[in-house]
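In the two complexes that follow, subunit A is the common piece, with subunit B as its partner first and subunit C second.
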Partner chain A sequence: MAFHLKDVTLTPDRPTTLLLRKHSDYLAKYGTDSEDFEYNMTEYLRVSGIYWSLTAMELMGYSHRMPKEEIIKFITTCQNKENGGISACYPHDPHILYTLSAIQVLTMYNRLDAIDVEGVVKFVASLQQKDGSFSGDKWGEIDTRFSFCAVMCLSLLKRLDAIDVDRAANFVISCMNFDGGFGSKPGSESHAGLIYCCVGTLSICKRLDAVRINRLAWWLAERQMPSGGLNGRPEKLPDLCYSWWVLSSLTIINRLHWIKKDKLENFILACQDAETGGFSDRPGDIPDPFHTLFGIAGLALLGNKTIKPVNPVYCLPQETIDRLKLEPQMYKH
Partner chain B sequence: MSDSGDSDVAWTYYKDRPEWSDVTPVPEDEGPNLVVVIAHSDKFVDVYDYFRAVLQNNERSERALHLTKDAVELNPANYTVWQYRRDLLKALGTDLRSELEYVELVIKNSPKNYQVWHHRRVLVEWLQDPTQEMELTGDALMQDPKNYHAWQHRQWAIKTFGLYEKEMDFVDNLISDDVRNNSAWNQRYFVVNNHLGWSDLNVQREICYTLEKIKFIKNNESAWNYLRGVLIHDKRGLTGNAVVTSFCEELYKNKCRSPYLLAFIIDICDEAVKKGEVNLLHSATRAVALCQALAGKYDKIRSKYWNYMCEKFKKAAEQEEIDREAANNIDDE
Partner chain C sequence: MHGRVKVRTTEEERARKEKERQEKLKVYKHAMQKIFHKREEGELDKELLELTGKVLSSNPDIYTLWNIRREILIIFQKNDDNEELSQLYDAELHLTEYCLKINPKSYCAWHQREWVLTTRADPNWEKELALCNTYLKLDERNFHTWDYRRFVVRQFKPSLKDEFDYTTEKLMDNFSNYSAWHYRSKLLVELYPDLEGGRPIEDSHHKHELKMVQSAAFTDPDDTSAWFYQRWVLGAVRTDIDVAVFVVSPLKTTIAFSRPVNQAFVASKTRLFFGNELVNGEWQSLTGPQYDVLWVLKHNAEITEGLDVKMEYDREDENIQIIPTTKYNSNTYIGKGEINFEKKYSKPVVEELNNQLEACRQLLAMEPDNKWTLLTTTVFLHCIDAKQYHKETIENLHTLKSIDNLRAGYYDDLITKWSIEEQLIEDYKKDSLDFKIMFEDKVSSLPHLQYYSHCENVDLSNQNLTSNILPALELLQNCKKLSLENNQLTTLKGFPNLNLEELNLKGNSDLVEEVELFKERCNYSVIF
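Let's turn to the complex of A and B:
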């Protein structure tokens, strides 16, 4: 029988312990390094970059190393005065992705007063389509990612009443595939990242009843490779960010115990850069804030006690979610 | 991400172009310390300083349109550049056919970029002409048969303009090239589900097709998943289709122990138990044995899952036992 698996090999010299201090150095320094060309290329997603860095810092207990007041002031400048949406960075156009990141950051700081909340609510509501789906901006690209951004954003603002929640959930349910997974649109292939978005949406909308729990959980458990890492679709290479997308989905549907936690932990630790700090997609690659957050948050879901608990739906510290008294639906059985 | 182009000797900076002397460049907003801005390549800084200037002035001109091309070349993921470019195309009444050719080139260089594919879709919508879309996506899928963006665009074009006719042949070629290509199997489902329909004949044809492919490579998650997907539409279920059950038992008899085969037989057992149609081959007892074999030998990495399933069947077996005894007692009375 041909076992033709796409996977990576973990080498003996890989990091095997969690280098928290190094990661906080990496994130504190990110963007202040004048040699960093990559950073300049990321202007168009800057608010999200702040969300990844700040959330990782919060979970590690190092958020005091982030320039709080400057971040808040910066986000204020990103809000569009006309339509209320928030852009990655002035003068870009507002987009639901950055609107959510901004709300997540301000929620962690408990500083929603820094923006016009009613403007955000109007912007998000304006993106809902007749079939319940959401576009990302005025150009109308439709994707279940945007459904998740919209409901998460409005639930953090306690304004889910501004949209048609039933239709929002029903659109996401219409993206469920024969294998129990979800894609970006009806008929699109199942993909672990989009499964997280869809399961997260249904959790916030309290419609987990529509999920074929065991079928989906098995598909997700199948994502674990012999290296311990998780891939996002069959026959693809493992990537650290799926540690978050698969683990959070499995946590929401109460099936986290179906994968081998110790092997996954080894894989996540191996994705650390022992010299610079930070996590990369696969062992040996260049680190970035995106993978650093999902490495830290993944370890938190695996129960690492040196990291604060993370909420599997909102990807925010659990203490933030508790303060807001939010209770996303979690499958109990 | 394209090269910053510093080695491009023929390049003239915008700040040195007489036809741009009336525009004052707008440098990037400094933002918080965290996001202090730095050493872009000189060309990058020059182009984006002028881009910000025309964007702020909302300039509608040919030179602005040309500037967006340079900006795209430096960073095709910058969504604001594309949005502004579309505004310009509309305002200037530019020939959209040449724009189609242009975006095709950009797609060839950046095939995994949300913005370029969305731009393509908007153009096709404006022109209401999908004649090139099958070839364009076909080429992209030749390069990377799992490119999610290309598949989304292809499904959109097929659905919107009814281009199903030759799609089964296309899918068949891809599956013949790589029988483990999950995206191609998903597309197969998409075509049957949206176009051919799940008539009894089609269900049987799809089953035969899939079994042939499994015979070729047994350890193929995608094909087994597809088989389950097809059988959702078979009124007789998993247990009632003799072609499927005897195929599985034949493989098993010939010593095939692919986890997917064993998992499938477990599903057959599960259905038999639920329908109360337990037989010699398909019972809770056999399911227990198969789960144990998977947990202990054939799929150790998912041993937690198989142990969980095992417990479920143990309860079912015990329950049957109780039911049988209860039935006997009633007979006795």
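Let's turn to the complex of A and C:
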């Protein structure tokens, strides 16, 4: 089989400047039409959708365009009275993914008083397994994404004491691979998204010592394609969301200088939709709030001065993390 | 939303599409309402299975619907009709298969399949393994399928050798299958560890993998998969934790290791003696993390002139290493460990490495600008004899910087690391408390800095250091005079607490606003 490099070409008609106002228009409009097909069909991830939009708006300085009180009220309806967990949208079931998104949103708004925090702590703690791993809900799916959700959520609530942090870290360490990367469970292949989750978990648990820094950083640096975009695994197409997964991981392990920042910046800018606003996975595709956040946050990590600084572990504005006096570990050497 | 291209359509077409979608939406909303209503009413029956099944068939990611189905199946478990239950489970597997055709990456559908297989009393694992084979023919890189395969293998327990052979088969189909290389790496260390020598891979298999991966890489040098695996196989040697250097002075007692260790490790593996007296105290990490490369001993023993200071260290090879000290001025005693950066291969593996180096050189002669061939040649040279080939490896890294410019920062840091490793060997032979970078390339990182934690005069002037490196300077615990003159510092944020006498920051013009305030905070002289 002849080898074929998977990459995209940035054509000259793609945007080359940052269209902040357009993106805030896009996000402000998103979800205002209750009959919109796409919006309705993504009900099962609603709280995460709110987190993507609000965080992007916060970073761009347009959060006043989001319906704050409505959002807070909505989240309170998503909390399950019995087990304390939070669902994507009432009457869906609680799950750790949406519990984290809800906590991130309420933390940004400094409105944790709107929910039963102790209930959330109990819910998250109840999901930890003997081997330190976390299931997403009571049905037992195990994934390092859920480990990250758990420690991020509890650290934002200042309640890491509710779980066995050592075991949580050791489980994640057991997911390390020959290439220095991490997968979703022991034995799983490395993937940039899961690497971010695992490195983030180890940063919050202050166990970055376990990471094979240079081996991992080299693999991450090799994600950069000639177009400047980053892919998530070898021999895959670049995708804007990896600008976040790869970039945040490289930032945490202090190796951001191992890729070419200006080329990545060009790729991110080319993923903007100049008509509607918003970012898509690759130049010319349909935009969505998920890629819009990771485009904006990626540019923030690259040092764009028109966007507020973002914390590479929590994917929240740095000012939020400073207010909470949280200090996730950053690799120094 | 991934991979959906925005297409231009006519107004008419758009209106037709929109109408279609609105109809779909109506059906969906109605179904969801009915589903949640029935659940609320406790009607967990076959009708609800059908309703949820219909919605999931086009939207397999609506996680709550899978939960509802499990609740229903659990109710049927309590009935005694085993045949009906078995049929329901079969139908469930059928549904997940259908859903995976629509979205092969649906976490929910894969998990439902796992749940059914582990819940039912009559799982057919053989069939599941066959299903994995089929799916991996359709998409050899779907990590969900590979994960599912590993789940099935854990339950079904086929011989791991069969699984290993399966990876060989997949790789023979296509060397560019990174997922198969990954799985192979896991199986290899499980099947063929070197039990006697404590190496990760037994010799003959180490050689065999090197041969196989090289033929793969040579088949298509632009494909990256095999090269990653090769780099790992090359690095699969035993590496022990070494003592780098320890310092006993009236001010403090520090010990630096080659890698981060925890307190239990330091406390149990090291013993500090003054003469025949064991010094008791408590080891503390420098800045608080559980694992650190530099540790400080809090003790009350008096440090006087003419002490016989030595350290005993229980090495991982179970030998006890005795590290003597040399006395420097003002009752400072310093003991240095061994410098062990070279990789320790067995003789047959070294022979194989030399053969492969030769092959790489030949390939390189044909394609001098192939990044992967050049990088691999360079890594071979470094692995075989870092000292002998030092000049050539550094030259190659310079070439790589230009042909693979996206990763120039990586090659720069590799030049620094390998150059420091060479310099350290020379520096450790000298009785000196000075550290100055002695090679041509300017550095932008400071690897192995803990090996210089005993130095009093550290000269890092005229390099490319940015403010990113400042927190790392905490390792210079015994430094008195530090020069960062002519670097690219932009801020002093992150500068650690050090007991310096003098800090030189000249030639970092961006610091002009910060430096006055910084001076007020520190009790040593700051030159700017």
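The rule is simple: the second predicted complex is superposed on the first by the 327 of 333 C-alpha atoms of A that agree within 3 Å, B and C clash if a C-alpha of one lies under 4 Å from a C-alpha of the other, contacts with A are read in each partner's own complex, and residues count from 1 in each chain.
Convention: contacts are C-beta pairs under 8 Å (C-beta built on N, C-alpha and C of every residue); 3 or more make two chains touch, one makes a residue touch a chain.
What you see is a predicted model; the values in this text were computed from it and never measured.
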Partners on subunit A (subunit B, subunit C) - clash or fit: clash
First (subunit B), second (subunit C), both or neither touched by A:Thr77: first
Which superposed partner A:Ile50 touches (first subunit B, second subunit C, both, neither): first
Subunit B versus subunit C as contact partner of A:Ile259, first or second or both or neither: both
Touched partner set for A:Arg207, first subunit B, second subunit C, both or neither: second
First, second, both or neither for A:His333, with subunit B first and subunit C second: second
First (subunit B), second (subunit C), both or neither touched by A:Pro67: first
Partner chain in contact with A:Lys22 - subunit B first, subunit C second, else both or neither: neither
Which of subunit B and subunit C A:Asp239 touches, first, second, both or neither: second
Partner chain in contact with A:Arg159 - subunit B first, subunit C second, else both or neither: neither
Clash with subunit B (superposed arrangement) - responsible stretch of subunit C out of 276-284, 330-338, 366-374 or 456-464: 366-374
Interface residues of subunit A shared between complexes with subunit B and subunit C: 1-3, 35, 37, 40-41, 44, 87, 91-93, 95, 137, 139, 141, 177-179, 183-185, 187-191, 217-219, 221-222, 224, 226, 233-236, 257-260, 263
In the complex, subunit A residues that touch subunit B: 1-4, 30-37, 39-41, 43-44, 46, 49-50, 53, 66-67, 70-71, 73-74, 77, 87, 89-93, 95, 137, 139, 141, 177-179, 183-185, 187-191, 217-219, 221-222, 224, 226, 233-236, 257-260, 263
Contacting residues of subunit A [partner subunit C, same complex]: 1-3, 5, 35, 37, 40-41, 44-45, 87, 91-93, 95, 137, 139-141, 143, 177-179, 183-185, 187-191, 206-207, 209-210, 214-215, 217-219, 221-222, 224, 226, 233-236, 239, 254-255, 257-260, 263, 273, 280-282, 284-286, 288, 290-291, 329-330, 332-333
Touching residues (chain side subunit C, partner subunit A) in the complex: 1-6, 21-22, 24-25, 28-29, 36, 39-40, 59, 61-64, 66-67, 70, 107, 111, 114-115, 141, 143, 146-147, 150, 173-176, 178-179, 182-183, 185-186, 220, 222-225, 228-229, 232, 235, 260, 289-292, 405-410, 413, 417, 444-447, 449, 468, 471-472, 474
Residue ranges of subunit B touching subunit A (in the complex, touch as defined): 1, 4, 28-29, 31-41, 44, 48, 52, 55-56, 75, 77-80, 83, 86, 114, 118, 121-122, 146, 148, 151-152, 155-156, 159, 180-183, 186, 189-190, 193-194, 217-219, 221-222, 225-226, 228-229, 232, 256, 258, 263, 301-305, 308
